[in-house]
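Taking it in order: structure first as structure tokens, then the write-up.
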Amino acid sequence: MLIHPDRLFPVDASARDVARRLYAGIRNLPIVSPHGHTDPRWYAENEPFPDPAALFVVPDHYIFRMLYSQGVRLEDLGIPTRDGSPVERDPRAIWRRFAAHYHLFRGTPTRAWLDHTFSTLFGFTERLSAANADDYYDRIDAALRTPEFRPRALFERFRIEAIATTESPLDPLMHHETIRRSGWGGRVITAYRPDPVVDPDFEGFRDNLIRFGEITGCDATTWSGYLEAHRKRRAFFRDYGATSTDHGHPTARTADLSRGEAEALFRKVASGDFSAEDAETFRAQMLTEMAAMSVGDGMVMQIHPGSFRNHNRAIFNRFGRDMGADIPTRTDYVQALKPLLDRFGNEPGLTLIVFTLDETSYSRELAPLAGHYPALKLGPAWWFFDAPEGMRRFRELTTETAGFYNTVGFNDDTRAYLSIPARHDVARRVDCAFLANLVTTHRLDEDEAHEVAYDLAYRLAKEAYKL
Amino acid sequence: MLIHPDRLFPVDASARDVARRLYAGIRNLPIVSPHGHTDPRWYAENEPFPDPAALFVVPDHYIFRMLYSQGVRLEDLGIPTRDGSPVERDPRAIWRRFAAHYHLFRGTPTRAWLDHTFSTLFGFTERLSAANADDYYDRIDAALRTPEFRPRALFERFRIEAIATTESPLDPLMHHETIRRSGWGGRVITAYRPDPVVDPDFEGFRDNLIRFGEITGCDATTWSGYLEAHRKRRAFFRDYGATSTDHGHPTARTADLSRGEAEALFRKVASGDFSAEDAETFRAQMLTEMAAMSVGDGMVMQIHPGSFRNHNRAIFNRFGRDMGADIPTRTDYVQALKPLLDRFGNEPGLTLIVFTLDETSYSRELAPLAGHYPALKLGPAWWFFDAPEGMRRFRELTTETAGFYNTVGFNDDTRAYLSIPARHDVARRVDCAFLANLVTTHRLDEDEAHEVAYDLAYRLAKEAYKL
Amino acid sequence: MLIHPDRLFPVDASARDVARRLYAGIRNLPIVSPHGHTDPRWYAENEPFPDPAALFVVPDHYIFRMLYSQGVRLEDLGIPTRDGSPVERDPRAIWRRFAAHYHLFRGTPTRAWLDHTFSTLFGFTERLSAANADDYYDRIDAALRTPEFRPRALFERFRIEAIATTESPLDPLMHHETIRRSGWGGRVITAYRPDPVVDPDFEGFRDNLIRFGEITGCDATTWSGYLEAHRKRRAFFRDYGATSTDHGHPTARTADLSRGEAEALFRKVASGDFSAEDAETFRAQMLTEMAAMSVGDGMVMQIHPGSFRNHNRAIFNRFGRDMGADIPTRTDYVQALKPLLDRFGNEPGLTLIVFTLDETSYSRELAPLAGHYPALKLGPAWWFFDAPEGMRRFRELTTETAGFYNTVGFNDDTRAYLSIPARHDVARRVDCAFLANLVTTHRLDEDEAHEVAYDLAYRLAKEAYKL
């Protein structure tokens, strides 16, 4: 059997029994997925996924970064090059390479997600290996051609109550429009991710500003027109269900400039002639501006700081962004968030969800901040930490100071559609294990643990994200 | 039952049995409380505590910060405003609000302390909730009017062998004088906390210096007179039992300036015309001066760095200091303590106890420093980390490098008088659980574990603080 | 009994059973010791060790730093002074002092290593204490005079397949030459540690450069001659079995200067007239130069950054280097390694093994880097972290992101020859416990765990270090 019914539960029999009972109460709850990167085209067009490699390997940076670290060339995994120079085209060859290296994923969440998917969706009972690679390929490939594996059928099978995708303000939301018109009942909403028009270091920033003005009919060459363009575009996104914004800045810095200073800074970054510090200050100011708009329009704000993007120069030059070479960095929150919190930290109507890739900030900075400021909540363990040990540490490092109710449930944050049930299942199991340990060490009563398990699996995400 | 006899012990039966045996040997040891913030007036006047809200809610920043983070206004909890604008006056209404939000404390030490207190002092058997809030209120309120709940009766009931309060050098120690004259046998001592006359950023620093001179009869406007004032005032504090000093600086920086430099710096900060860096350097220099005095007069020195005080500007403006808005910051010790350690780190007569709010420093900096320098010892897990997981991490992160004997037992550090037995009990249980795990994994023999348990619960605090 | 057959295994019976089975499969594997500091003279001359104190206490900084931290003078432990002023000469007196303080090591790895050694090599069954100090002394002293305790006999008894020592480029490798000529079959190889000719802050740097030129016959006063001297000396070291280089820099900084810049910087540091920043940049550049040479000659490169050496000024002045006063510091890798990784991070032929004394970098920086760059691998838990909790955290913090196969097995890193089997045994047990937990929580199948246990105990070290 590929997956065990007691996986991730405590080893001790009495604690495991508690975990089983807690999990039984929540395992079938619908999935609320308030933050992720699935492609809205899937739900709009409802076409079959092409083949096993294109579904599992080529788009999954967790997978290809590990293979690459052990000497497998990205070209041999079919990762497209920027200059169009040839790469592996045969999906079966890609799949075989992946299968032959499956042992590399021992002890990683990728392994847990894949085994869950292989078992529950395709009925495999034997671990993937070089020996059974073709059998795996053939069975998955055949399944993908059936109606049950179309995106909308999977959406229903996964019991997704609502899922958010993430779009740039420049995106016309065409796929969301198609979904809406289709009459299909699946709730797929967008989220406002303005980095391309907020981050002066973003590729094409100046062109993006021009396009931003065209789309919104605002004069985005002036500070007030630019802000107005955001307001209009946020409203447009809300028409497509958006309840949140998302901000992927290199740091958590915020600023609170005077109107004159902000205006001058905007002119500078819009002109293209600006320093690194100008760019950082502009991003910092824009977080505060976005918070101000959120106070007005009720959109939940998410900050995802601390990733050094495209750390590997050669890989970036040859393959582009998001190629598994983003590396976390040390991140400060106490000083960085103060300007924003000074203005809006006490707003009862604002929800600011903060994520981190620097675990040291949980017990030192983020839990103390979230355990005080009404506006601040903690996002779940993110990215490299979306894994059993990472999630356990998240709870151990935050609960004693911030409790459970200053957190917001789980985000799968994925573009790997088939892994969504597996990811939520891991989160639910790890939380049940954590709660079972509190119950068995007599820190929490079991009736309360059932309530908390429900809250962490379902209610908090729904409420925090207003879904 | 509100509290379970095996709470916080290991889940595994064999390890739990060891923990039970270790705990049985130390559970009834007297409480040595060498560092805390109870009000000496209580012991001096021995008046009843006013009501449940005034006792449990209004003064406890752990409680009201959590409620505030979830949208409860501080005014509605009866927290007094600086400008005297009205706040809730009805203690029962405050209590009900608190009770209705009791679920927020799930998984936090506040919950453990309160349940312990409700159970052992007031005999409650049912968890506090909105439904039983009035019953709780009435029974506690009635108990507080009985002689058994007067401060001195509780002191004896808690089996406190010695407790230290913390006073400013400007404090006349009137309450300590009253205690001394009363003939009561409880050992309540003071501790010298000179921040108001050492930290140029402290509110009223210049006035404090003037007052410091008046009280001591020294010319505190000159560097040598200022130092002499400290020496005299430390002696005065020692007359009231003080064995320690305490220093709450924003960082751990120390300095070792020449006499001329120190003199010039003192003139600058005393004049009121100084930079942030001047203030930091002066605080740094004063830690070294205090160490020099400790070498002379034998007072144990405590450094509590790394808190960004009053982070929430609006809360500070409306309610003042200590309103649950102090946030830990990243703290360096290796460079910061070097000037002081270069002068006094090898002094066998000096005891310098270092605390941290930055757990990352334990295994990287503090355990290696304490495992080498004779003068340096590690204070227990502090503030947000005075909690089961925090204490467990403290032991896991320090023991392998610094051992047990470079630590100093437990500090309750509290102004919540009724929680003192609960806090020491948690510390004793967590240490017994840690030791039981070492025994059960055959890293320590059980006879040794009994000795260590005794040392951690009692002997080390007594010896390190010279009590 | 001093050591228990189940020591360090999980407490839970089912997990312990798995750990026992895993351990049974690897406990008798040969020792591969690719990085350490034993004295090659021992193997060359094969003389008896002098006495218990000289073998166990005087050279072991783990031991004397702990005793010193608790007030024992280094003079009383026989540590030689730089000025030759007298210290304790009586080995039995030193041994008694050590024995009387044996309780200080409770909970530390030193205790585990010593008990293992006392038990398995000398047959002791009773814990060392003041009471049995003389018995211990006499029995150890007698054993050391027997042929079974000569270095080569122990080498074979320890089942060492290969061991690396560490030498300066200025070392003539005389002992290695003696070993080679002796016809003895033990594989003792050297490793190239060029700090004395790479670090401008190293004592005697300029003289070292002159000597470097003489030894190699290169003009080491010019940049190209200096680099050529390295190439020649690396080849010479390879003749004596070296497969690796080792670099003990204060930080992980690397640089990638133009040839002209590098040449100018070399002239500056070689002249003796340089700034702290020049020295840092030169060390940074030399890491990249060493990587370039490794790409050419295949030597594995190790970086051991982050130690503040000789933190205690008085101890350094009186006793010199390596006296237990080296303290870890916060260490950045993401920015620091980028210049080197930009040039060589994608080289499939290069192996760059990175160590850290800053555990916070594992999950945030090092595991993400090693899980991506083909050239980068993670060294095992090092120095203060070469201990059960440190090793457990290493696996917990790195496995989910980097897997097992971007790590390189165990390094004992020791000059304490007799502790080598104990250290490898601890590492094997802790890894088996970690794997048993994965198996028992159904994250890994047991057949895979056996394979991983073998890899971590033996194969990965052999392969990563090309042994």
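In this document, chain identifiers A, B and C correspond to the written order of the chains, with residue numbering beginning at 1 in each.
Assume a residue touches a chain if its C-beta (ideal position, glycine included) is under 8 Å from a C-beta of that chain, and two chains touch if they have at least 3 such contacts.
All figures in this text were calculated on a predicted structure; none of them were measured in a lab.
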*Taking all residue numbers used at the chain B/chain C interface, answer same if over half belong to both copies and different if under half do.*
different
*Rotation angle for the CA superposition of chain A on chain B, to the nearest 5°?*
120
*Distance-wise, how many Å sit between the C-alpha centres of chain B and chain C, to the nearest whole number?*
40
*Would you pick out the residues of chain A that each touch at least 2 other chains?*
10, 12, 360
*For chain B, which residues count as touching chain C in their complex?*
10, 12, 14-15, 332, 334-335, 338, 341-342, 345-346, 348, 360, 363-365, 367-374, 376, 396-397, 399-406, 437-438, 440-445, 448, 451-452
*How about chain A: which of its residues touch chain C in the complex?*
3-4, 6-12, 65-66, 68-71, 103-109, 111-112, 127, 308, 311-315, 324-330, 357-360, 384-385, 387-390
